[in-house]
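For clarity, chains are labelled A, B, C and D in written order, and residue numbers in each chain start from 1.
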Amino acid sequence: MKSILEANEAAALRKALINGELPDERGRFGPFGGRYVPETLVPAFERLEEGVKKHLHSPEFQAEFQQELREWVGRPTALSRAPRLSERWGTEVWLKREDLAHTGAHKINNAIGQALLAKRLGAERVIAETGAGQHGVASAAACARVGLPCSVYMGVVDIERQAPNVDRMHRLGAEVLPVETGDKTLRAAINEAMREWVSDPAGIYYLLGSAVGAHPYPYLVRELQSVIGTEARQQMLDLAGSLPDVAFACVGGGSNAIGLFYALLADDVELIGVEAGGTGDGLGQNAATLATGTAGVLQGCYSLILQNDDGQVQETHSISAGLDYSGVGPEHALLQAVGRVTYVTASDDEALEALEELCETEGILTALETAHAYAAAKRWSQEHPGKRILICNSGRGDKDMPTLTKYAARTRTHAAA
Amino acid sequence: MKSILEANEAAALRKALINGELPDERGRFGPFGGRYVPETLVPAFERLEEGVKKHLHSPEFQAEFQQELREWVGRPTALSRAPRLSERWGTEVWLKREDLAHTGAHKINNAIGQALLAKRLGAERVIAETGAGQHGVASAAACARVGLPCSVYMGVVDIERQAPNVDRMHRLGAEVLPVETGDKTLRAAINEAMREWVSDPAGIYYLLGSAVGAHPYPYLVRELQSVIGTEARQQMLDLAGSLPDVAFACVGGGSNAIGLFYALLADDVELIGVEAGGTGDGLGQNAATLATGTAGVLQGCYSLILQNDDGQVQETHSISAGLDYSGVGPEHALLQAVGRVTYVTASDDEALEALEELCETEGILTALETAHAYAAAKRWSQEHPGKRILICNSGRGDKDMPTLTKYAARTRTHAAA
Amino acid sequence: MQPHESISAAIEAAKAEGRTGLVPFFTAGYPEPAEFLNTLRAIAEVGDVVEIGVPFSDPMADGMTIQRSSFVAIQKGVTLKWIFDQLESIKGEIKIPIVFMSYLNPLLAFGFEALAQRALDTGVCGFIVPDLPFEESGEIRHALEQKGIGLIQLVTPATPAERLKLLARESRGFLYAVTITGITGGDSGLPADLAGYLDSVSEVSTLPVCAGFGIRSAEDIVNVGKHAAGAIVGSALVEVLEQGADPAIFLRQLR
Amino acid sequence: MQPHESISAAIEAAKAEGRTGLVPFFTAGYPEPAEFLNTLRAIAEVGDVVEIGVPFSDPMADGMTIQRSSFVAIQKGVTLKWIFDQLESIKGEIKIPIVFMSYLNPLLAFGFEALAQRALDTGVCGFIVPDLPFEESGEIRHALEQKGIGLIQLVTPATPAERLKLLARESRGFLYAVTITGITGGDSGLPADLAGYLDSVSEVSTLPVCAGFGIRSAEDIVNVGKHAAGAIVGSALVEVLEQGADPAIFLRQLR
């Protein structure tokens, strides 16, 4: 299985990507993607794929989904100008406000879409994994909304650093199942969810939270999240009068990023995904999968992963639980391979500083995950003054309070400064 | 000063209210309202009143305010149907989703409006009080957005029970000043803010958080919050095809309630405000000002207050910090006196149960304040089956986690039940 | 002589003696209700007018000292009615005019008519109501005036000139010149431009002007006395009472 | 005879003896890498085919026992290359066919061509890849087949009839019939409808069918043996090794 493309192949795949022709029938984005799952789950995946084909773009499902997005999630989310941040950066910044979506992040777009699908497919209960807890909260809320029981797997490391979200899941009626195995974070939680699913492939719907995993998840999640970019694109035209020069999104599994980028692929807009640079470049010090990973199969799909020479997946580090993942969605792997999207990193420290700067200048407390996008955008704007920048403000930072209070304010200057 | 109206007087005032003719030039809603402030603040109030007259309805201010509401606050907030709750209650429930506004409650409508005003009036810094912390967070965010320093007074009792919001205020660059005096809750925080204001009436802008206090605050806050009802009214017509039979809102100081009700005063819609019934009917066991209070002057205005025979204001109790206040906005006192709005109470226990029920049925974690409105609406719907109900979902419950985790789940049934 | 005129007369009399009129303030029943009358008697020996604070649950114009005294007094059962009853019990004994300092709500709860009558009956000549601006004072002023009781107006350094004139004209007993923009009990000293401010207030006032807020020492009184007829000493006196010291001794060294 | 044929032959041979083919599974290098070859030798004395687990960081089809053994082995330095090296060091000594159980990623990292070659060189006759459904297996199957190495397919109670036929046809060595819907290491017993399920699998398969997952006791093997040619014993054996007990003794009482 290869991961490096010939020039002509890359050009063809780039075109196919932009034309919306990927993934192909086998769930491939060029070499990436596919479906690597235990035999027990093969029929379940086939049913899911059938279900997606049948319902996802059907008028009935779309009517229901769009209504929930509008009336329950609160879409369209706002597009905010950021005048004081723009002034500081010497550029023009616009924010797509996914933090204003119900439960506080873009995750809900996917969660409610899949919950509606689960209901149509006759699932008896829903399981989900979560890292930052945002997808867990979103799943709990979406399942309550459609009336399905929900169990959420969450690593004990994440349970600690995202405590507010654990309480919220409980309140929303979900069962939170602590995962003590593996790296005790998102990756371990996905493994546990898969194990559970194997035990009842027919009764369980697995509500995966990012654009990762086996086909059709990367496709399904992208379709459900692409509302971000579709809205933002139109809002930029309406409010700013033109598309941005560049768009930034943080990349954990890659769902908010693909959600934003997908609608902009055909446009003359530079696209930059931002991974967690953690504390350094060494293996285990970051979660910079696209920047430093190699091709492999993890949790159902062929993509880039952080692994050693023996193919053992490595533990990662990021201050943000939602980016702390050794894999990445296969579509991003291809977007990088064909050169349509650039992926960079921002460190823990840069993210913390960016979070503070946004608080001070615009009164928006963003998620630590999202803060990585700001950090990279700030760096970029210093090299490209006067440009128009769009940033996906993927979620709010309330959940990060336990982590933030651990770190002293780094750049505390007064709000009025 | 009287508080009981003759029938013809009541009829005339009711008409004046509905026609938007109140408050009068002296800041009176019939007998209620006015401006009872230390002489030092009189010029500051006069400047404020002038400023409100000059700017509030000016095209420039309105353009700026509406843009901030749309692009930064995320308005219009959604109107959600609540199918599973409706089924349980045997009625048709619609929710006005102020919890989706930036920072998580309706408070931001007022905060950003006043922060813009403070800027125009040349204030050097902003002070605010807070009970639940929502107004403090909203003020901190709004001040950061406009670039003014912000200090928030908060009672130490509230600091404890709304800890998440304290952290958020800090993050947003505000100074949180613990109030150890008086009842150590909202009322004491207002007193402290007033004391601070007296020390620098020209440089400070006092950003009051509810439709209470001396003229022009009750008017100013109502005008800024009336966007809730204006939107909800139109959304009901668009989505439900008609206005609701009845609308509910919780009442602390009364800002979300007046915000919702104001646009519906002239309509054939029953309006019900819900106060905190606390643990019982005794003085000090609740915060049911309209239901059980008597007329008096507290913190700048003549309205109903909870007081003893000697005119000493009484401590209150509510599980929700935002309703835990001995006074209430003067417009509500009049709306009750003229019979246009009915005010009822919901107890701590009822609020907790209602909060859980909404979580389970609709996947919405509401604020404890807001939960009181649900509890009363549920009771009402049992007596009036099949009606169309609108509830102001004034805020989200994330901030209430410390309180909620103290109380065992009362009615825990499974989300799928 | 109307009751409120006896207030101005007392201040004028001090002035005639070449003294600055001394107006001690203390919270009724603080620190012990049982000591109220003795404290009052002791203070009345030295002061020219005495200002009795009616405790209130929400003293928003007051600093920590007076807040504290207010809460304690309320807790120990002090009410407006109790204060009147106490005064009635020694009727005629206090030879200097008595002024009540009260927030509006306790007065409202008592009822304005009843208030004026009881004030008249117990020798209370005037009221200072710190949360009642002139514009809202019509009803109570009317009720008090019926009995010749004065409603004392306050002016502050923030008061514009036009308004100063209005308040000076409408005050009774004396005109209360708040020396600082701030609450009671501050100890950051008197403001630098105090003289000019007090002169401008005295200029427009036909009534004697008494300065208050932040006056703590004999030196303060000397400074104030050059530009105002009287001086009000509040938090400093309350602190003396709090410590169980003799108020008369404290006041005498101010006089 | 191709390597993969030796696997089927071994199971058939047991059957011919009237026995159920015994396929012990253990994680390479667990609990101690130094014991790997001794353990292998002991197991090879009793088993008909031996299944060696290549440890992987993300064993998503495995229960707690095999997860634990995997993590420990990785921590102690066990890699695919190390396992091959160990086997090479005793080349020819192990008389029964060796099968590797490995998740796909370590194989991918090793490279499929190199993998097939080293397998051939070290007596590894087949591979079981629990996260590789048939549809994704083209490349590795092709590489293995070049060397006569078998890719063993798994079927489960959830596998539809059509697919069962496909997998039976495409498997090499034996057909792995997963007895339960679930992960390895369950101890809730074998399912009630096991007989019917295994019969239906055996019916479509020309290869011997080996049942695996949840087989822990001699009794289980008797039950399974009535409807399948072989039985795979995994977690139960790993637990024996974990306790430091003799695997041969444990296996002998199963046979």
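General remarks:
Definition applied: contacts are C-beta pairs under 8 Å (C-beta built on N, C-alpha and C of every residue); 3 or more make two chains touch, one makes a residue touch a chain.
Nothing here was measured: the structure is a model prediction, and the numbers come from that model.
Shared contact partners of subunit A and subunit B, listed by label: none present.
Between subunit B and subunit D, the least number of touching-chain steps is 2. The chain with its Cα centre farthest from the Cα centre of subunit C is D. Subunit D has its Cα centroid 97 Å from the Cα centroid of subunit C.
Subunit B and subunit C have centres, each the mean of its CA atoms, that are 37 Å apart. The distance from the centre of subunit A to the centre of subunit C, with each centre set as the mean of the Cα atoms, comes to 67 Å. Counting only pairs that meet the touch rule, the chains in contact are A-B, A-D, B-C. By the touch rule above, subunit A contacts subunit B in their complex via residues 70-75, 77-81, 84, 97, 99-102, 125, 140-145, 147-150, 164, 167-168, 171-174, 239, 355-356, 359-365, 397-398, 401, 404-405, 414-416.
Within the complex formed with subunit C, the residues of subunit B that make contact are 1, 26, 34-40, 42-44, 181-182, 187, 190-191, 194-195, 198-202, 295-300, 305, 307, 309-314. By the touch criterion given at the top, residues 56-64, 67, 71, 74, 79-81, 103-110, 130-133, 135-136, 139, 153-156, 158-160, 163, 167, 178, 181-183 of subunit C touch subunit B in their complex.
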